[in-house]
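Here subunit A shows up in two complexes: once beside subunit B, once beside subunit C.
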Partner chain A sequence: MSPSEDIARVYRFLSQCMQYPDTEWMNEEFFNVLYNLLGTLGALEDGVTIKKEIDNSADPIEDLQVEYTRLFINGVPHVVAPPYGSVYMDKALQGTFAGNTLAFYREKGFGMEDDADFPDHLIHELEFLSLMAEEHDLAGEEEFLKKLFRPWYGLFQARVTEEAHHPYYRVIVQLIDFFTKEEEKDGFQPNKA
Partner chain B sequence: MQYGMIIDLERCVGCHACTIACRAEWEVPVPYQRNWVKRLGPTMTDDGMASTYYPGLCNHCDKPPCVAECPADPVEMTFTAKNSKTKTMNVAATWKDPFDGSVQIDKDRCLGCGACADACPYGARYVNPALADDDSAGKADKCTYCKPRVEAGLDPACVQTCITGARIFGDLSDPNSAVSQYVKKGAKGLEVKGGHIGPNSRYYGNKKDMGLLFADYTPELADMASVKRRAMMASMVKPAMKKAKDIGILGLAGAMLVKGFSENEDNK
Partner chain C sequence: MAFNLTRRKFLQTASLAAASVPLAKVVSASTGISRSALEAKGTFGDKTVTGGICEMCFWRCQLVGKVRDGRLMKLEGNPKSIDNGTAICARGNAGVQLLYDVDRLKYPMKNVGKRGEPKWKRISWKEALDECGSKLKKTVDQYGAQGICVFPHGSSAKYPMHYFERAVGTHNVSEASFFQCRGIRDTAYVATIGKAPGEKIDMPNTKVLFFIGDHLGENIHVSHIKQYIQGLQNGAKLIVADPRFSASAAKADIWVQIKPGTDTAYMLAIMNYLVKNNKYDKAFVEDHTEGFDEFFAAIKEWTLEKAAKECDIPAEQIKEVAEMLAANAPHVGIHPGRHVSWHGNDFQRQRALACLTGILGAYYVKGGWVPAKGPKVGGVSWAKEDHGQEFDLNQDHQKDEKIYPFKPPGTPTELIRDCAISGKPYPIKSCVVWGQNPLQTIPGQQKMKDLFNAMDFVMCVDVMPTDVTAWADILLPEPSYLERFDFIKTGTQWDLSKEHQQYISARMPLVPPMFERKDQIYITNEIAKRMGHEAKIPVQTIEELVDKSLATANLSIEKLKAEDGIHIQPGKDPYGVPEDFTVMLFNEEIEDTGHPGAPTYIAVPDTPEGYARLLYGRAPVHTFNRSQNNVWLHNAMPDNPVWVNDKVAAKIGLVDGDTVGFVNSEGVESRTTTTVKVTAGIRKDCVYMYHGYGSANPLMTIGVGAGVDDQSLITKLAIDPETGCSGMRNNFVKLIKDGKVLDLSA
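Then we have the complex of A and B:
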């Protein structure tokens, strides 16, 4: 294992964290990995906050499904934080930003499966970062972060942090921020909530 | 003396015999590799239709960026030349041999941190998990120019096995060697963008194939500050991510991005 391979796993894990909640993967073992990761980053408190919310719920996965839907798919009066770069950069779904993202994937030799979401979906961008790390393409990873990830991610993160009812998503968006941000910023900041 | 290898692209047929010989000789576990052959093209270049291969390996650079990154405690080591001359140097767990110019690793002292692997602009190093011990998750590994074979008077395994004689090994500091003759004819290493690290594995070929190779595989030097930051982050997340892998969470949703789409297919 080289550092890049560990980082590739982190991106892949974060991508999984942003999938629609399902008991198939979102189980006790998953949460233990998450708490463990938060613990190593000095953010055990965040893990405790999530655990409390989950332990106090009759159906924690359904809670998360409802929250996921409200935040990222469809909410009343409107969806809180669509996880697509174009929404923030072009003010439209599937704008030129999505096209530029796909062009970057292709330039690096990757294409998308037919049943994939739009190329600028957060999950796919994290998946791509994982692939870049796996291939030890540090320059590619950094260029992608700078040009196609960071420009919109902060806006997305701010909306989630502001509007999320469940601590899980507030913490996950901050975890993603920690692993994708520029070097000069501070370390992992414990969640205020 | 500086060992070097020439790869004659005019002769390479992309058969992968070199990669297999290397894997067999050094028991390199899948998916890692000490040498590789990548297909390039066919594609139209300014000089015409180009189609070739990129057979890559450690470049045993004049100024290897990997060596400087090794954090292992340096120890005094005495090197002996063929003519029994000796030289003593302080070296970490990886170094450039002062006599034959090859870059080598002491696996007993390697920490397995992988900083060297991330520092190599060619991706020529990997951390071999098969060599894990109580203190590490593996040991750094790479092409040694088959040092034990060469010292026994043999050619490197990839050179011996090459069916077309496309790989030529020898001393670049001897102007009469076959490798030096190739350099005189124009063989060139894949030097990094904007830097000079002096790769000693070099390529010879026609203009369009060389153009394609250099356009596609001229590497950039890694930003060492970010390499170090990654190494630190990686060591923090390693246990949690190992657990995530063990319980099968990673990639459970299935990969939506797949390798194998070339830039040329874009928007067609």
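Then we have the complex of A and C:
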């Protein structure tokens, strides 16, 4: 298994983490895998925090559904962080930024399925990164991160970090940040070509 | 949280391989991206999609959309339109922003918190519909159909409203567009000329326009404004009665700065003057009116002097207005208005407008009230059923008569609210709100909240999370007018003097609905199935409904598409009084119900010392609260400054731009503040603000707290005795500046 395929699995897992919570996939096995990943990263305490919150709840999935709805769909006091790039780049849904994202997918030979969300939804962008990694298209992955992911992700992450009530989303957005950010000195470098 | 290594190091180590393998086991499926064949897409360009019909307001202009790669980029008037033409207003343009508003409702949601303090959870349509169906059915099983009340508004609410009225069988349906807006106008004209008047004034061809409170220019409907401006360009004189120097008053030849609530006295004096001085249209009165003698006997006390005193205007000016009307009759347009639920004496005022038109002979003549002859298109909906009068709250069973004999369709709002809150004469336990925001459209917000709290179940269907949606148990998202089929709009060319033409158009989606929004046919039918009414469902889809309606005019969706969204056919000459047309100057039927048979002035409460009467009206870039979260429109007019008379302001030290709150005569304070507009253009005894600001719902991230919600200050309700409609301009306020309450003594 190559590192590229490994990171592809990570992207796809992160995309899964940002799907609407449902017992179909958000089960004990899922959380154990998440805790294991956090442990590997030296962030076991974050896993413990999430586990405590879940163990102390009568209906942990409903808690996460309410939190997801509040943060990403419609919430009180307001929808905190719509997970769409163009909300941050164009101040509206399905803006030019979403069109540019779709154009990038197409350029790489991919398209959106009919029942998919907008192309600039976080889960689609992460899945696309996974596909790029699976195809060993490192240059494409780098370019996409630089042009179409990182420009808005930091703004999104900041809102979630500040306003999330549930530790799960605070941790997940940082996890996504970790796997997608550029590191100036010893980290991931964009392709200068 | 901080990870103890860098991304790069992690990717380079064996840790990644070890950690990543289990990840695949818990990933359910792809999210929607798949490999597709590389296709030549050609040059991207705007595609023009026809068939749009606006609903940023109720005028419904015809649109085309410029669509680029599936995204609506711009809206324009449909060049084929003989109504609005290529023009649309600011609100029409801003429909693009509504479409992509991030605060819009996207998925069905369940409130797992409290009503008014919701905690929303996205749920599936099946769960949402099962809950709506089972809760509503339980109410019907336990309390009867009358146990459900419905507050609908707009074209998407018509089909569900008919379902609950006709198939389920509740009388308890109340539309704000009737009971808090134009219902009084319609029933008063029906009681006078047998027809609802619309705004059917032949303005382009008139010689004099007569407005009572109409503020065209701030109140903008495109073809209406085209008619108005054409009339003025053609040299029409304009008479405007308004306590405020409105956009129309600014163009008026005579501005009558009338005392609020006294309009009927003003018109009675005009009519009395015209009759006494033989300046009315005797031939028309002879041929087309009934009850002239009783009418004249009833109004003859209204001398110019008496009205001048009552209305606080010069007698000479009333005479000047009457003379101008008489000199130009019958080519005068006495505008019926639209939002007329003002003071609780409004049925009589609307009767006076209709009678004034009559004695001037200004029906069916150039420049008068002229109903255009439009095309006929049949409607399709739930079959009507007789559900009897037993549970009709408007029926006085002891006296065997109607409580409000001239009510508009539906049940007066207060009868429903009182019944729901008290449980008498029977329980109302479920509430359906569809496209209406009763917390801002109906006065008495606390009473509305009391109603919701008395319910076993509340469901709302809407496009935006308006204030009322916070009180829902289940909240369902519907597509906006740009994403759905529904309304069929018909009419004629906007200038009746031009070539006679008719048009038929149907609303068609300019882009597909996003997220999981579902149209009214789907939602209603699914609820109907769960309530046991499947066999009565009239159509399966919204397209079927539109096609069946269009078929009555030998049209179809496909045919309309082929004609760029608008079918145009030859029209008919609308001028000429029908032989059987009659104006009931005195109406015995009204008299028989215990109300005045001739137009009668009923005085309204005077302004208490230290207060000013709160007046409100339309903003040119907003449609009440419906557009308050639209960021384009918000930026154009972000709040609603309160107009204060300059002399009053000087006396109490207010200057332009001061920030103020409000307290009304019942001690209710505004939640928010606004700025002061100091002007000579308003009477001393009034203040004025635009309606539709100051949303209390934090979900409306743009509109929340922007400006002041006038409706929150309208706590004293007047009820029009003939119609049961609300009167909303009998509330009085003081201003609060820096925590100090300011007397507004004139």
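As a working rule, the second predicted complex is superposed on the first by the 183 of 193 C-alpha atoms of A that agree within 3 Å, B and C clash if a C-alpha of one lies under 4 Å from a C-alpha of the other, contacts with A are read in each partner's own complex, and residues count from 1 in each chain.
Keep in mind that, in the parts below, a residue touches a chain if its C-beta (ideal position, glycine included) is under 8 Å from a C-beta of that chain, and two chains touch if they have at least 3 such contacts.
Since we're looking at a predicted model, the values are computed, not measured.
Peer 1: If subunit A is used to align the two complexes, do subunit B and subunit C fit next to each other or clash?
Peer 2: Clash: subunit B and subunit C overlap once superposed on subunit A.
Peer 1: For the three-chain arrangement built by superposition, which of subunit B and subunit C touches the greater number of subunit A residues?
Peer 2: For subunit A, the partner with the higher number of touched residues is C.
Peer 1: Give one of first, second, both or neither to describe whether A:Asp117 is in contact with subunit B, with subunit C, with both, or with none.
Peer 2: both
Peer 1: Once the structures are superposed on A, label A:Leu138 by its partner contacts, choosing first (subunit B), second (subunit C), both or neither.
Peer 2: Touch status of A:Leu138: first partner only.
Peer 1: Where does A:Asn100 make contact in the superposed view: on subunit B (first), on subunit C (second), on both, or on neither?
Peer 2: neither
Peer 1: Between subunit B (first) and subunit C (second), which, if any, makes contact with A:Phe128: first, second, both or neither?
Peer 2: Both partners, subunit B and subunit C.
Peer 1: Counting contacts the way the document defines them, which residues of subunit A are shared by the two interfaces, the one with subunit B and the one with subunit C?
Peer 2: Looking at subunit A, the two contact sets intersect at 1, 3, 6-7, 9-10, 12-13, 15-16, 19, 24-25, 29-30, 33, 36-37, 40-41, 105-106, 109-113, 115-117, 123-124, 127-128, 131, 179, 183.
Peer 1: In the complex formed with subunit A, which residues of subunit B make contact?
Peer 2: Residues 112-115, 117-118, 123, 125-127, 129, 137-138, 220, 222-223, 225-227, 229-231, 233-241, 243-245, 247, 249-253, 255-263, 265-266 of subunit B touch subunit A in their complex.
Peer 1: What does subunit A use to touch subunit B in their complex?
Peer 2: Of all residues in subunit A, those touching subunit B are 1-7, 9-10, 12-13, 15-16, 19, 24-25, 29-30, 32-33, 36-37, 40-41, 103, 105-107, 109-113, 115-117, 123-124, 127-128, 131, 135-136, 138-139, 142, 179, 183.
Peer 1: Which residues, counting only subunit A, touch subunit C once they are in their complex?
Peer 2: By the definition above, subunit A touches subunit C via 1, 3, 6-7, 9-10, 12-13, 15-16, 19-20, 24-25, 29-30, 33, 36-37, 40-43, 45-46, 62, 65-66, 68-70, 73-79, 82, 84, 87, 91-95, 98-99, 102, 105-106, 109-113, 115-118, 121, 123-124, 127-128, 131, 170-171, 174, 178-179, 181, 183, 186-188.
Peer 1: Could you pull out which subunit C residues touch subunit A in their complex?
Peer 2: 1-12, 15-28, 30-38, 41, 68-71, 97, 100-103, 105-107, 109, 112, 117-122, 465, 470, 514-515, 631, 698-699, 701, 704
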